[in-house]
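In structure tokens below, several structures.
In the two complexes that follow, chain A is the common piece, with chain B as its partner first and chain C second.
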Partner chain A sequence: MASEIGQAIAAGILGGGVYALMAAGLTLIFGVLDIINVAQGIFVVLGAYLSYVLSVHLHLDLLLGLFITVPAMFVIGLVIYWLFIRPLRGAERTSMTLLACFAVALIIEGVLYQEFGSNYVSLNAWYTTASVHLFDFYLADIYLIGFGLAAVAFGALYLILYRTTFGRAVRATMQNQVAARLIGIDVNRVSAVTFGIGTSVTAIGGMVYGAISGGFTPNSSYDLISRLLAIVILAGMGSIGGALVTAIFMTTVEALVDIWQPDWAVVVFYLAMVIILTFRPAGLFGRRAVRAQ
Partner chain B sequence: MTSDRAAGKAPAGDQHAGRPVAPGPATTAPATATIPAGTRHAWPPRSRSLSVTGIAVLIAVIAVFPLVFTNPTATNFGVITLIFVAVASAWNMFSGFSGYLSLGHAVFYGTGAYFLVVAAKDWNLNGADVFWLLPLAGVVAALIAVPLGLVALRVRRHTFVVITIAFFFIAQLSASNLTVTGGSSGVLAPIPNWAAATFNNPFYYLAMLLAAAAVTLSVLIRRSVFGLQLRAIRDDEDRAAGLGVRAMPVKLAALVLSAFFTGMAGALWVYFIGQAVPQFVFDPLFDLAVVLMAFFGGLGTIAGPVLGALILEPTQLYLNLQESNSYESEILFGALFLVVILFLPRGVLPTAGEWLTTGRIRRLRGDWLAWRARRTANPPVPPAAGNLS
Partner chain C sequence: MTSLTHRTRYLAIGTTAVLATALVAACGSSPSSGSSSKPILIGASLSLTGDFSADGNAYKRGYELWEHDVNAHGGIDGRKVQLIILNDNSSTTQVDTNYTDLITVKHVNLTFGPFSSLLTAPAAEVAHRYGFAFVEGAGGSPLVFGEKLPNVFDVSLPVANELDPFTNWVKSLPASQRPATVAYPMANDPFATPQVQRTQGLLQSAGFKTVYSKIFPEEEPDYLPNADIVAGDKPGAVVLGSTDVPTVASFVHGFEQQHFNPKVFIAAAGPDQGQAFLSAVGGAGNADGIMVPDAWYPGYDNATSKAMVAEYVKKYGGSASDVNADVAEAYSVGEVTAQAVKATGGTNGSKIISYLHSGVTLSSVQGPVKFNSLGENTKAIAFIFQWQNGKFVQVLPAGATGSVPVLYPKPNWAS
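What follows is the complex of A and B.
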């Protein structure tokens, strides 16, 4: 029993790192563009399928494949931004962009179904089957690798946001778009690149998700996006640090509940969300302004 | 402030009076006199008799349809389409008027559906008796809407949309895990006991009744103070609250009414298709389809959702029938959605109305220009001239 709990906590924390990374992309896009990218779930699945194609057809190692899939997802994000998000203006922009993202998600899902069918596929490498012995339980290597990747990506994200001119522009746009425009920031370019960064993290997320989950189909995107949205809303929109803490906490709780009630574990996410929003409508780490808008 | 309002009020009063008022300001008095009286009255021009005739014709066509096209496939399309007319109108009643986009109406639809199958099974209802459960199913869905609304309506915009999505997933998950809903294999609805030849007709006319009721209530809401409050909330909730609109009860009432009709539609639908299975009863595509219908026709209008449902649902059913797999129709559906959002963001009806109005303004402007040209060619003889000579 103790080992089960220990394993659940370890898997929850390590797996939570990857969810935090995907949620960080979502919350970054929200902060800069004021868009809820409901296509993030299908982007993760798309990233996973890209890794799958590279590893099965080109026999490329999953980790090496990331050097191709991350830029690929970045470009896909840019294209989607330019084609479908940028043209939307005006008073109804909020709901329009959300629906546009939903439509994009539907199209990608349809294409993935057509290419890969509805059978479960999984990502395999030597480190998805090998495991390490920790205290009194075993943990698959991929959990450690996934957490490491998430940590590296978070580090890169931090460096970009807080140590570069571009990051300064991103943070300025997050604070006040009009003011950012006035001091000469090209908000359109910042938005496009932010959308690209927000989607490119899903390449890493998708690779790790595909290896941890033991199998995925295009339909997995619904499960993913509902968890990610719950994390982002719980944390408070636009808070990257909040997303990190919340994601790790929630996946750990879910893993613990999963020991007793596997069918209902995922409900923990939504219940926590409903309860917290009843008392703190802006989320745990959110600014009040989010609600006042 | 008060002087502004007083100053603003006087010209408005003039326009409503519809005829030139004698002691107007010196600069505007001649302009008022020169515009033909008819054009001033008829703005914006309305032809009420035409729309009444149109509605009567539409109702007659819908009522006669199953008698002319007795083919079960055709009436099948008819039933599903009319159910979606009801749902799209019900959705619009809340989301279209208040601006709170709900992507979780499948919760109410599914609640109604599951209530009907479970109640019919427990109370041993069969045949036409099952239809008596429809209003009850609506009430149950409306009751579910109260707690959901109390939580979700505390937040706005994105967060509201996401919470409705979350409610949707909770409902779907509960349906596949609870014992009362029969888990993932679902619950069978009772089998209707009437003749196969006219099997679809009772469903068809009930769906028509439901759609008519939802549309009628939409019209009543839109014309009432309640509807005005909803639209005030849509435009600026804080300002509406400042002006004395009690936002929470108003929003909640709209959601409850909307849920009532959606629940009834779901119950009718499930009795028609015969089985409640979690992934079909709580279908994310359902939410999107309803939103697309309202957007396609025109969000917040009365005819928009009706038109959207009448066009899109048969199209989708037809595509599903034609395509060997459902993925192609999914891609087409997404593409259509993007086209509507990018090129007709306010929907077909408002855009068409805009074109009509633009054309009419252009024509009126042409008339006015011609009239001015005529006047310049032979200017009117000023009455003062006689005095001088």
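What follows is the complex of A and C.
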């Protein structure tokens, strides 16, 4: 039993890294733009399909393929922002952007169905089935890689946000858009680039998701979005580091429950969210604290 | 004056009620023979998007292939058939709406079933409400038959019995070769759970020790933690209650990563999906020895089945191995319905229901069809198939036409 618990904790921590990768863009975009990007699930799946195309048609390794999919998703994010998000202004902006993101999700899903059909496709590489021995169990290489990529991506985001001029502009925009404009920050440009960064990080999450899921279709986004939203809400909308910690906490709890009652694992996942939000309505790393960082 | 006003109001309400009843009756009138010059309209709701979209689209091809074939042969009793297929997005509420729409707005003459027991259960109730016979091919679980609706006719094998040939084979193994322990991980789904639970009951009674028996949520993005736990128990046999390719692929990857290889590995669904399955598990080497129950496969020794497979390849391309059992199930729905329409001389729902309950034996690409009082096909035969050296072959029942010996124990993972 001790071995099972140890393995579940390890799986939870590594799985949390993967979910954090998928949720990072969602929380970053909310932090800067006040947009609940419900298209995040389909962005993950789009990232997985881009990796699939490079892997199957160009025989490019999944990790090497990220050097193409990450910039490609950045451009896609910019285009989506300029076409669908930027034109929305006024008092109803928040609700309208929610609808716009939903429309974007449906459009991307439709295009993917048209292009790839409804059959499952999967991402394969030597490391998707390999594992390393640790104590008396094995850890899957792809999860270790996913966690490593999450560490790199979060590190890069940290450096961008806290060690660059652009990052200062992003944080200023997060704290107060009007004040940011008054001190000469081009809020539109900051918002567009942030949206692009959010979607580009999702390319990495998409690749890892495609490799661990056993197969995906354009419809797979619906199973993801509720979990991703739960993670960023519980973390505190806009908290990037909080998303990592929360994702690890949630997936570890779920993996532990899996040992005894797998059918309760998902329930516990959301129950934990409800209980924590009851006592901390702003989430574990609430918005006020986040923007004061 | 007050009394007169009340009387007027009651009269108005009464008239409105009568008119509304008449309108509902007119909109949703039970199917009748209709004009012989018009095509027979057949409505179906399929999961063209959503969780069941892979199967739903295969079903669509099966229905359309049957429509094409029957029209190419002059239709049914001289009347062409015309399919109207709506997308239910794999939703139990949308499937209800779709059949109501097909019957009351589009005025179809007949209905064909959707994909999955989960959707067939609510859809059959709608068809029953309007007096339609509900011939279907993917609603074979106790969830559907438990409704005891007189209009339900499942042309396929009842799912609870799908693993029976496998169970009998495991029990028949010499004691020295038997897997001593068995694990039963299963998805929370009306298709997967009944057959695995039945197998568990039968094997436990025969002395096989259960080391794991748990139900996990159907819509998990990642099944690896479940696979790790099963691998930790090191069972000799794994009976996986799966509904799709990703579930099986996740368990295969999980087992491989844990360096665990069971002597027997059978999954309720997924390995029957041809190339999609091989690709998901990492190639034919990893599929070697994995089994799956089904009532039909492309090499099935039946003249109409062979003709259908040839027709499918001609129409959609690919090879015979690309034709999955969903296509045959859907095609069978059309065949059985056509025979009932011919026999009853039209599309009258009550006549078709009576005919299909009469004990008559009909034919289909899946073999003979005969319904009991619940609408189960009592003539359906369960087969077990296995991947052997990259080929999908029939292995059970042992001695049945087309069966080859079971590859046992399952070879180790290739990668």
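A few comments on the model shown:
By definition in this document, the second predicted complex is superposed on the first by the 285 of 293 C-alpha atoms of A that agree within 3 Å, B and C clash if a C-alpha of one lies under 4 Å from a C-alpha of the other, contacts with A are read in each partner's own complex, and residues count from 1 in each chain.
One rule holds for everything that comes next: contacts are C-beta pairs under 8 Å (C-beta built on N, C-alpha and C of every residue); 3 or more make two chains touch, one makes a residue touch a chain.
Keep in mind that this is a model prediction, so the values were computed, not measured.
Annotation for the three-chain superposition on chain A: chain B and chain C clash.
Applying the stated contact rule after C-alpha superposition, one finds that A:138 touches chain C and leaves chain B untouched.
After overlaying the two complexes on the shared chain, residue contacts for A:266 are found with chain B and with chain C alike. Of the two partner chains, neither chain B nor chain C is touched by A:62.
Once the two complexes are overlaid on the shared chain, A:126 sits against chain C while remaining clear of chain B. Within the superposed three-chain model, A:214 lies in touch with chain C and out of touch with chain B [touch as defined at top]. Contacts of A:201 after superposition on the shared chain: neither chain B nor chain C is touched. In the superposition on chain A, A:113 contacts both chain B and chain C.
In the overlay built on the shared chain, the residue A:149 is in contact with neither chain B nor chain C.
Clashing C-alpha atoms with chain C after superposition occur in a single stretch of chain B, namely 277-285 (options considered: 241-249, 259-267 or 277-285). Taken together, the two complexes place residues 109, 113, 222, 263, 266 of chain A in contact with chain B and also with chain C. Taken together, the chain C residues at the contact with chain A in this complex read 48-51, 53-54, 56-57, 90, 185, 188, 214-217, 219-226, 228-229, 232, 244-250, 252-254, 256-259, 273, 276, 279-280, 282, 286, 413, 415.
The touching residues of chain B, counted against chain A in their complex, run 101, 151, 154-159, 161-163, 165-167, 169-170, 173-174, 177, 284-285, 288, 291-292, 295, 299, 325, 327-328, 330-331, 333-335, 337-338, 341-342, 345-346. The residues of chain A lying in touch with chain C in their complex are 3-4, 7-8, 11-12, 15, 109, 113, 117-122, 124, 126, 128-131, 137-141, 143, 209, 212-220, 222-224, 227, 254-255, 258-259, 261-263, 265-266. Of all residues in chain A, only 30, 36, 38, 84, 87-88, 90, 92, 94-96, 98-100, 102-107, 109-111, 113-114, 222, 226, 229-230, 232-233, 237, 263-264, 266-267, 270-271, 273-274, 277-278, 281, 290-291, 293 touch chain B in the complex they form.
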